[in-house]
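Each structure below appears as structure tokens.
The two complexes that follow have chain A in common; it is paired with chain B in the first and with chain C in the second.
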Partner chain A sequence: MAGQTESKKTVKIYIMGREYEVPAGITIMKAVEYAGYQYIRGAGCRGGFCGACATIYRLKGDYRLYTALACQTTVQDGMYLVQIPFAPAEKVRYNIEELKPTGSTVLALYPEIARCVACNACTKACPQELQVMDAIQMIKRGDIAKAAELCFDCISCGLCSIRCPAEIVHYHVFQLVRRLYGKYIAPKAKHLEIRVKEVEEGKFDMELDNLVKMSPTELKELYDSRDIESPEG
Partner chain B sequence: MYYPGCSVKDYAKSYEDSAIAVLKLFDVELVELDRWNCCGVVYEYSADAVMQHVAPLRDLIRAQEFMSKIGDNRLVTLCSMCYSTLKKVNEIVTSDSEKLNNLSEYMDDEPRYNCGVDVKHVLEIILDDSIMGLKRIKEAVKRDLSNLRIASFYSCSLLRPKGIGIDDPEDPHIMLDLISSLGAKPIKFPYEKRCCGSYNVVYDRSIVERTVMEIVKAAGRWGADMIITVCPLCHYNLNIVRNKFNIPTIYFTELMAYAMGLDETLSKETLSIFKSKIGGG
Partner chain C sequence: MSQKIGYPDYMREYIKIVEETRERRLKERYRRLSSDERLELLKTWHPDYKEGTKRPIKIGPSAGLMVPHEVANLIEAYPLIDPNDIDLSRIDYDVDVLIIGSGGAGTSAAIWANIEGIPAENILITTKLRFGDANTKMAQGGIQAADRPNDSPARHFLDIMGGGLYANDPELVRELVRDAPFIIKWLEDLGVIFDKEPDGTMIEVSGGGASRNRMHSCKDYTGLEIMRVLMDEALNRGINVLEFSPAIELLTDDSGNRVTGAILWNMETKEYYIARAKAVILATGGYGRLHIQNFPTTNHYGATMDGVVLAYRVGAKLRDLDATQYHPTGAAYPDQILGLLITEKVRSMGAQLVNIDGEQFVYPLETRDAVSAAIIRECYGRNKGVVTPTGVRGVWLDTPMVDIIRGEGATKRYLSSVYRMYSRFGIDVTKEPILVFPTLHYMNGGVCINKYGQVLGVNGIIEGFFAAGEVTGGVHGKNRLMGNSLLEILVYGRRAGISAAKYVKSGVSPGKLTLNHIPKYVEELEKIGVQKDRRAPMLLPEYRGEKVLSKAIPIFPI
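Coming up: the complex of A and B.
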């Protein structure tokens, strides 16, 4: 049969200590499934955005502990790996309406931030390549806007938090920081306010009522004859 | 190069604003490091181990990367705690290559430190005749402060340990010299080099309250209208009892800025302190 003559390249990996031979070039996530496991937790979007498939691994002959997203990282020969679908942490309860967008606010809710020794383990662990430690440092110096900017692409995988010797729960801290930024610092979207007011005043009520009254055939016709924006304009 | 430190960016913003304004008047520009982290003072001061030196060494490496961009290896700090921490760790890794090796092992994400950064406290820049110097400071004074009696409070980290401190730890004089040059009356008082109680304020405020009560009361007995300091933590602690004795503590750069008429950089609060002490201004 065609293709059979092609020599199939494989690599040896160790999932939770057990050896498997899997095709080279596939992602860790596919390799785990290839080995016969079925994901119940630890898999989400499979596109590197949801942060559900946090993985730690070591390589043969290398003391370092590496971190990765299973859906974004290809298997390597001699990889010892395990997935960590959840980083346990308590989310502090707060009322955003009562908070001020300052460093002291964040420190009061998450005082362990003050224990940061700038070891940078969080930054090294981040699969998004964010400057995690710098973001924590921005909070210490009271710059919430910069902290929010640095952690904007955080996907809450929690790998930084399980590596942190100060036991900071970065992803909860960062969510708070972005909320403070969004509520108190970011410029307000004026057009949104106007549109919401228009909706509340019933500007679009009649149009919507008309749609509700239409038969499926009429709706289809309306849909097919809609204006479609083309790239040329 | 300029290393601000967290306090100076947040609690002690008036320190930074006034310092930058004063230095600018003499064409001295502080160029802030493009990346920096906490100097690590809390851990650095605790005991002799590797982890405590990681934060300050990382800042020295940031400075090493930045110094080629601006062609100057001097790293200036305002906060005396940052100064002491960065200076001490710079000396440790420069004189003890084994320690530097140990630390570098923990920091394999950074380039190696080549010990080429020169850590300075801003007072050293201000008092250096080739950069600013007392003579030129005297010439830049625009206000008559002759009725203002000012005590200097040095902060431990500016004077000790020997070799790191920038003045005689037993009989310091640089702040008094500065006050004289600004045309005000320097008040030397016995508690000028006492510890303010430092971080004890976090654990037990009453310890610090007792200490600063003695200090500020003494400054009053020796006739001071106000106290100047170089350290945001001393500033915070001494001001706990400012109202009790009507003796506020301000940053020395605020005094300089006021003397030189740089009112726009001073906070309303600071301006009102001066107004209440000399009336009208």
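Coming up: the complex of A and C.
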């Protein structure tokens, strides 16, 4: 079959400095396991959603320090890599009910964001390719909505925070920003509020109680004859 | 910096066929299956119906229940500990409510136990990996709730029952659909950012087997957005979380019908902790990492069914574990992301499933069991799949249709994680279709509970023992619909949290700590001749290279 020979190729990688020969074309995470490591830290969702597998690496003959998610990145020959098992960072405690959705709220809880020197190291480090620095700048300008939008796809891997010369813990800051936006700025869904009230008033209880009592045959009849809304609305 | 591989030339040739038929297919709606046709398709092509893949459990409260061999092997397995090695008198954690598992179910249970009056310092969440490492974060497509004027909880109920082949527990389904709008409102109030119109109206799309468009979403990071808000809220409330410390056994009192705590195990220092609790909530999730029938999985690293194993040893009944959910659209190419989830929302937004000839073969929003069976039939029954360079078969998911139907930019805006994952490998999903094949996704069945989240044994409820989320069975019957798992973890996480709090507040004293259930279980295992080296819970899957394992020797004691 096409490509079969290709999959037998190997590459040399250096896990924390030690050389291992691993199959070409697999992810860093699978390569580390192939080499014989069993993850306890450093593996979470294994699908690019949780940020547990933040990785830094260099390539032979290249001075740059690269960042990646081990579960979403293919191994390359000559990769010197280490995963970051944990990013030390303090999350500030607050009561979301007592906050105002402003830039000064965020500044009061995370004053270090004022130290941002706009070096953009965070943005370069982001494996999600988010405009991390812009999000911080938006907070400083008081634009919570724009900041929340820019940081929405953050997976809290912490790579920005360990590169930041201002020692900002971006992902904690962003969590606060998103909640402020979601709770106070985003318009409320009125139809939802109405439906919650209707449920509380028991509007649907009789219909539901009848359905609960029905036999599978009776339910099937109703199910088969129900009308189906077009996915396009 | 990553290597952008894209498609090999021969696959590009096949893509041309998909492109050629696209304009015609945009106007084409594939016929839906009737209920009988669905059943027939399942019986012939769904992996659940494949012979020789299951066996009845031989021991315990649900003896006789048919389950996959991979499940039976863990249920019919010896404990990791010998009770003689454990000193139950040295209590490390003494709390009102112990929650095992920190996904959406466990975390919402903690928050609601706190709201219901249990002080944060008397609540402990213990979890195998990091706080929030769970399938919740990986849920992409959405969460269902009947909150539009043309919809109703009754319709939602009917969709769920039909989707589950009427095997669901109707009482559990009733509470699920009734609580659903409240849960969405709760999330909105906590600050979850839903996709909305400028006036606040929720943007709701359809899902497989849903008769109304009731899928609420946060782009295609719905589970992540919900989970991180729940985590933030739990931490703000001061709820303690013990990471890298899975429960490896439950503790019971002398009666054997009350759960009084758990043995936790620090995976890094290898020491055990004794946790005593007036109420225990089990929220450990499902079993993707068992790789049933060798399928790849969408699940997180820790999805090894530990909770079902522990609960069964203390007498919990199990149900519907004969039914496994294979998500129709797991990535089939490139190999690096094999089996990872491509959210159903891609189909909700208009993408069709297409074979090697560029033809549709199933209505894209049938229930998941049916779509999976149809894809397997297309690849293995009709030989109309495309084969990847590593020999994986798959069909096309015609992703460029999303922008054509919903407008340019829709993919990047509402499916940003799908777009991002493929661009990492040099594929632009707005321009090229992607290859998919079913992947192990969800444990439809699990531990029996009632509508209060109390765990059920053969003689009714097991005292002090609650469960919520994927570890439980009953809500989804034999097949879960999209968007109902995020809903379930929050509805039943909340119910379990409130029930546990009420139980504690009713004035119960801490129970005696025993492992009396273990010798009894071990005796049964010996009677049926289970091999001694088969032990559970599994905790982590084994992915180390064969070459290494064949030469590994344990030199350090323990």
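Following the convention adopted for this analysis, the second predicted complex is superposed on the first by the 196 of 233 C-alpha atoms of A that agree within 3 Å, B and C clash if a C-alpha of one lies under 4 Å from a C-alpha of the other, contacts with A are read in each partner's own complex, and residues count from 1 in each chain.
One rule holds for everything that comes next: a residue touches a chain if its C-beta (ideal position, glycine included) is under 8 Å from a C-beta of that chain, and two chains touch if they have at least 3 such contacts.
Please read all numbers here as calculations on a predicted model, not as lab measurements.
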Partner chain in contact with A:201 - chain B first, chain C second, else both or neither: neither
Going by the touch definition up top, name the partner, chain B or chain C, that contacts more of chain A. C
Contacts for A:90 in the overlay, against chain B (first) and chain C (second): which applies, first, second, both or neither? neither
Chain B versus chain C as contact partner of A:222, first or second or both or neither: second
Classify the contacts of A:98 with the two partner chains as first (chain B alone), second (chain C alone), both, or neither. neither
Counting only touches as set out at the top, which of chain B and chain C does A:48 meet: first, second, both, neither? second
Between chain B (first) and chain C (second), which, if any, makes contact with A:120: first, second, both or neither? first
In the complex, go through chain C and note every residue touching chain A. 1-3, 5, 8, 10, 32, 34-35, 129-130, 132-133, 135, 137-138, 145-150, 152-155, 157-159, 161-162, 166, 170-171, 173-174, 177-178, 181-182, 184-185, 188-194, 196, 198-202, 205-206, 211-213, 218-219, 221, 223-225, 228-229, 232-233, 235-236, 238, 244, 267-268, 298, 300-301, 335-337, 340-341, 348, 350, 365, 387-391, 405, 416-417, 420-421, 424-425, 540, 542-545, 548-549, 552
In the complex with chain B, residue positions of chain A that touch it: 103, 114, 116-120, 123-124, 133-134, 137, 140-143, 165
Chain A residues touching chain C - in the complex, by the definition given at the top: 1-4, 6-7, 25-27, 30, 33-41, 43-50, 52, 59, 66, 68, 72-74, 76, 91, 93-96, 128-129, 148, 152-153, 155-156, 175-176, 178-184, 186-193, 195-196, 199-200, 204-205, 207-209, 211-212, 216, 219-220, 222-224, 226-229, 231-233
Which residues of chain B touch chain A in the complex? 4, 6, 9-10, 35-38, 40, 42-43, 51-52, 54-55, 58-59, 106-107, 109-110
